[in-house]
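Beneath this line is the structure, given in C-alpha cells, with notes to follow.
All chains are identified by letter, namely A, B, C and D, in their written order; residue positions are counted from 1 within each chain.
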Amino acid sequence: MPHPATVTLAGAVVAERIRGALPGAVREAADGYTVLDPARMYEAMAFIRDDEVLDGKYLVQLCSVDQVTRIDVVYHIASLAQNHIFEVKVPADHEHPEVASVAPLWVGATLQEREAYDLMGVRFAGHPNLTRLFLWDQFPGHPLRKDFLALPGGQKPGLSQFPKQVPGQTGGEFRPRLPGSGE
Amino acid sequence: MPLKSEPVEVNIGPQHPSTHGVFRMVATIDGERITDVRMVVGYLHRSMEKLAEERTYTQNIPFTDRMDYLSAINSNLGYCLAVEKLAGIEVPERATVLRVIFSELQRIASHCMATGAFINDCGAWQTPVMYTFRDREKVLDLIEMTCGARITTNYIRIGGVAFDIPDEFLPALDRLVNDDLPQRFDEYDRLLVGNEIILMRARDVGVVTPELAINASLSGPMLRSAGIAWDLRKADPYCDYDTYAFDIPVGYNGDSYDRMVIRIEEMKQSLRIIRQAVHRLTGGPHKTEVPLALRPPEGEAYARIESPKGELGFYVVSDGGPAPYRWHVRAPSLINLSVLKEMTVGQTIADAIVTLGSIDINVGEVDR
Amino acid sequence: MITDTGIVVAFYVIGITTVASALMVAAVRDLIHAVLFLVLSFVGVAGIYVVLSADFVAVAQILIYAGAISVLLVFAVMLTPAGDRRNSETAFRAPAAVLAGLVLAVTVFVIYDTNWRIASHGQFGATAASLGRAFFKPYIVPFEVASVLLVAAMVGAIALTQEEGEDGAA
Amino acid sequence: MPALLTLITHNWYDIRDLSNLSGKIEQLIRDANGPGWLVFVVSALLGAAGIVSFIGVAAIINIWIERRVVGRMQSRLGPNRAGPFGLLQPVADAMKLMQKEVLQPKVADGLVFSLAPIAFTVPGILVMAVLPWGRNMALANVDAGVIFILALTSLGALAVFAGGYGSNNKYALFGAMRVIAMLVTYEIPSVLALLGLVLFSGTMNLSGIVLFQAKYWTPLLLVQPLPFIIYFISSSAELNRTPADLAEAESEIAGGYHVEYSGMKFGLFYAAELINAVSVSAIIATVFLGGWWFYKLDEVVPGWMIFIGKIYAVYFLFVWTRGTLPRFRIDQLLAFAWKWMTPMAFLNLVLVAAEVLIWNETGVSAGLVLPLYAVINTAFAGALIVAWVKVMGPKFSRFPERLRYYSQIDVPSLPAVAPRMDEGAPGLTEGRSA
C-alpha cells in the first residue's frame, strides 16, 4: 500500500540513487532538489523513469525559471505507485538555452516543453514539433524572460512603490524592445 | 478499385458551438474518419505568469479566479496553499473547514457544467444542460451569498478565507445538500447514465489506456476513468482531507462514458464531504493576519490540489521581494490535451466532438 | 381529339418545359446544374403522364426517377474528382448537334406518318388496380424475370465495390 | 337529439364539411353558365387557399408549440414575453428573419443556392393536397395517394442536397452528403410500412383508407402497431429531427446544410422543416389514426377539426423525441435502418399479406377478425423488437457494471509506454500556421 501522504524525496537521496548508476550525471544535490549535468541529462531522466526505487513514471510538471545568470528547467517527477515526488533541475545557458527534450520519455512533456520554448526561449533538442504554443510565430522575443521589457537595474515597471533592493531607484517608463533586436 | 478521395482539412473552432471556448482543432479527414488532428491554442493567452511577477502575492489571487473560471475557488485554494507552504503560514481550523466546504461546492458546480456540456455535445438538444445549469445556479447562489461573486469569487486568501459565512448560509447549505441535490443526482442517474443513445455514442469513444494515462501525466477524471485510483485529496491530503470519509470512483475502460459517470459520482462524494465538514465548523478566527506586502523567505514551493479538471499545481519561487520571482501553474486542462490525437484519430468527427467534451477542458486554464 | 382546352394547354406547357430542361442538361456548364435540370425533365415527364390520366405511372415516375435515380446521379457526380466537373469544351460540339438534328427529324417524320389508334376518352379511373392485375395475370413471366435480373444486379454491385479484405461488416 | 346529430345537410352554411361551401360556389358558376374549366380552376384554388392558409398558420403555431413544450421539458418556461403566453414570439422571429440581410457567399453557386429552400418547401405543401380533410373534402382525390406521398417525401432529399452543395462550404457539404445517405436509406422502411397498410385496407386512395377505418370502427394503429413504429422512426429521420438530426447537427457540423443561409432563405428552410413535420404528422394521422373520422364525433364536430387535433397529437410525439433524445451517429443510424427497420418491414409485409389472404378467403366477419389480428400483430411486433435487441443489439449491457469505489489510492505499477515518435509526437505534427 503506498504511503498515506505524499513523501517529498530529499535531493541527496535522489542524487545518491542516480550517482549509483550514472556517476557524472549529478552536478549538485540541494535539500529540496537535485541539479543534473545538462550534458548527461537525457540518460539520467531515462534512468529516473525506469528505476524501481525512484519509479519516476509520472512527470508532474515542467517549467523554466529565468535566474538572470542562467535558465533553470525545473522538473517535478512523481511515482504514483509509491506516492513520492521529487524535483530535478537542469541549468542552461541564459542567452541560448538548449536542453535535451524528455518528450520521447513522457508524452505529457510535449505541450509543456512547447510552452517553455514559447515563453522562455528554451530550445529542446529532440522535441518532435518545437513551435510556439500560445503566441503567433512572428512574436518578437520570449515574454517570460527577465530581460523582456526590462528597465535599467532590473527594476520591473509595475512595482515602483515597492522598490526591490535599491531604495533610490525610481520607476522608469516602458521601453518595448523593437522586433529583431531582442533575439 | 479503391475510390480516390483527397483528404479534406476541416477547422473545428475557434468559433464552434462545442469547443468549450476559443479552442481550435484542425482535423484532416477522409470521408467521416479523422486521419490527423492538430491543436491550435493561445487565443485566450493573457500571459498571467508574466503579470504575476509584477504584483504582490495577495494581488495575484484574482488571476487564479480567471484561469479556470468554472472552479475559481479551487484555483484560489491551490495558489494560497503554495504561498502558505512557502511562507510557513498557519491557517486556523475554521478557515480550513470553510475552504473544504467551498471547494467541494465549486467542484459540484464545475462538474454540473461539464456533464451538461458533454451530453449537449452528444446531441441532446440542450435538455440536460438546462437541468445541470438549474442545479449549478443553486450552488452559485450559495457561493454568492458568502463570497459576493458567483464566478470570480476571490474568496480564499493567504492565511484563511476572505469573509466569514453569513447566518443564513448554513440552513441554506443544509437544505441544498440534504434534500435538494441528492434527488437531482439520482435524476441524472436515471436520465443520463442509463440512456441508450448516450451509451452508444460515448461507449468506446476516446479511449485512454492506463499506461498512456500515466505516461502522458493525465490527471483527474481522465486518470480515474482509465482505472487508476489516484485522487490528490487522498494521495497528498491538503486542508486535512484525510480526516474526511469519502470514496474515489474509478472507471474501467477509460472511454468518454466512464468519464461522464465518474463526474456524476464525484458530485455525490462531494455532498458526503460537505455534510461531514458542516459538523466540524468550530468558532475562532476565519483567517490569520498576513501583511499586505508579504515577503516570504527566499526559496520555492510546489503545492497541488485536486481541482475538478485534474491536478492543479502552483510552483512559486520567491527572491525575498514582495512579488513572486517566478509563478508557474500546472494547468490540468493543457496537459490532459496531450493525448487528444490518440483519442480522436481513427474515429469520426462526431466522436472527436464527444471526446473533446469528455476531456472537459477550460480554455482559460489551457491558455492562462 | 381531346378538346378540353385546359388539358391541351397543360400538355403543351409541360411538354415545352420538359424539352427545354432536357436541352439545358446538354448545354449547361456545371454538372450539378445538369443533374438538377435532368430532375426537372423527369418531373416534366411525370406531368405528361398526369395529363394522360395515367396517375399511378406518373407517381411511380416521380418516386423512381426524381427520387432515386437523381440521387444516384448526384453520388456519381460527387465521386468524380472536382477537377473535371465541368462540361468542358469538346471539338465534337458541331457534329453532335447535326446528328441530334437528324435523329429529331426522323422521329418527327415517324410521328406524323403513322395514324395512331385513338383510345376512348380516358377518364381519371383507377389505373393502379388494372396495372396490378396486368402484372400478375398476362405479364407474370416478364415481371419475374425482371425481378431476378434486379437481384442479380444488386448482388453484382455489392460484390464489385467490396474492398479486398474488408469483411462484410465494414 | 339523435335526429339532429345525423342531420347531414348539404346547404352551404353547414361548415362540418367545407365541400358544401365549394360545391355551392361551383353551382353558382354553372348557373351563370361559366366555362367548364373555370369550375375546375375555382374549386382547385379554393382548396389550395384552404390548405395554404392552414400551412401558414400551422408553421407559426408549431414554432410556438415546439419552443414552449421543449421549454417545459427542460424545466424552464419557454417564450412568454411577446404577446400573451409568448404567442407573438414566432411572429417576431419571422419578422426579424424577414428584415435580416440575405447573405450569399461569393463562391456559392447562385442558382442552386437560392432554389434549394423553395424546392424544399414545395413537397411539404403538395402532400397536404392529397389528404382527406372531411368526408368528401379531399382537394385531389388521387387513387395512388399513398405512393404520391412517398414520391414527394423523396423529392425533399434532393432539395436539401442542392442547398448543402450550393453553399460550397465544408460543413454544408457534410450535411448534404449525410442527408442524401440518410433519406435514401430511410425511404425503404417507410415505403414498406405504408405498403403494409395499403395491403390491409385494399386501396391506395387515402379517403378510401379513412373510410375503411370508419367502416370497421378501428384506427389502423391498433391493428398494425409495427408499421406505426417503423414509419414514425423513418419519417423522423427523413425530417432531420432528433434523434436523427444529423443533417444540421449543431454540435458537430454547426448547422449542416443551412449554415450559410441567413435572412428569409434560412427562414424558409426553417419553416419548410416545420411544414414537412406537419405534413408527415398529417399523413400519420390519416393513415394510422383515421383522419377526420372519430367514431360518432365527426357528425357533430367538423371532421377537419378532429383531423387537426390528431395532427397535433402526432406532432407532440415529434416534439417529445426532439426534446429528450441525444443524437445518433451517422453509421449507427444507417446500420439501424438496414439491419433492423428494413427486415422488420419485410416480415411485417409478409404477415399482413397472409392475414389479408385468410380474411378474404374465409370471409369471416370483421368483428371477430380485427381484434384477433390486432392481438397477433402486437405480439408479433413485441417479439420482433425483443428478438432484435437480444440478437443484433449493441453488445454492451444496458447498465454497465457500476464504478469501483476506493477509499484509499491504489495505483498498479505499469510499464511506461513508449510514445509514437515516427510521425512526430502525438498530438502536434506541424507548427502553428501564421
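Here, a residue touches a chain if its C-beta (ideal position, glycine included) is under 8 Å from a C-beta of that chain, and two chains touch if they have at least 3 such contacts.
Nothing here was measured: the structure is a model prediction, and the numbers come from that model.
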{"item": "Maximum centroid distance from chain C, chain identifier (CA atoms)", "value": "A"}
{"item": "Highest-count interface - the chain pair sharing the most C-beta contacts", "value": "B-D"}
{"item": "Interchain centroid distance [CA atoms averaged], chain B/chain D, Å", "value": "42"}
{"item": "Whole-Å gap separating chain C and chain D, where each centre is the average of the chain's CA atoms", "value": "28"}
{"item": "Between chain A and chain B, centroid-to-centroid distance (C-alpha), Å", "value": "25"}
{"item": "Centre distance in Å when chain B and chain C are each reduced to the mean of their C-alpha atoms", "value": "61"}
{"item": "Chain D: positions in contact with at least two other chains", "value": "408-412, 414, 416-417, 419, 426-430, 432"}
{"item": "Multi-partner residues of chain A (at least 2 other chains)", "value": "2, 4, 57, 80, 83, 106-107, 110-111, 132-133, 136"}
{"item": "Contacting residues of chain D [partner chain A, same complex]", "value": "408-414, 416-419, 421, 424-432, 434"}
{"item": "Chain D partner contacts - residues on chain C that touch it in the complex", "value": "4-6, 30, 32-33, 36, 39, 55-56, 59-60, 62-63, 66-68, 70-71, 74-75, 78, 125-128"}
{"item": "Sites on chain B touched by chain D in the complex", "value": "8, 10, 16-18, 32, 36-40, 42, 119-127, 130-131, 134, 193-201, 203, 209-212, 214-216, 228-231, 234-235, 245, 247-252, 257-258, 261-262, 265, 337-342, 348-351, 353"}
{"item": "Sites on chain D touched by chain C in the complex", "value": "36-37, 40-41, 109, 111-112, 115, 142-144, 147-148, 150-152, 154-155, 157-158, 161-162, 165, 177, 180, 183-184, 187, 204-205"}
{"item": "Residue numbers on chain D that touch chain B, as the complex places them", "value": "70, 73-76, 170-171, 174, 242-243, 245, 249-254, 322-332, 394, 396, 398-401, 403-412, 414-417, 419, 426-430, 432"}
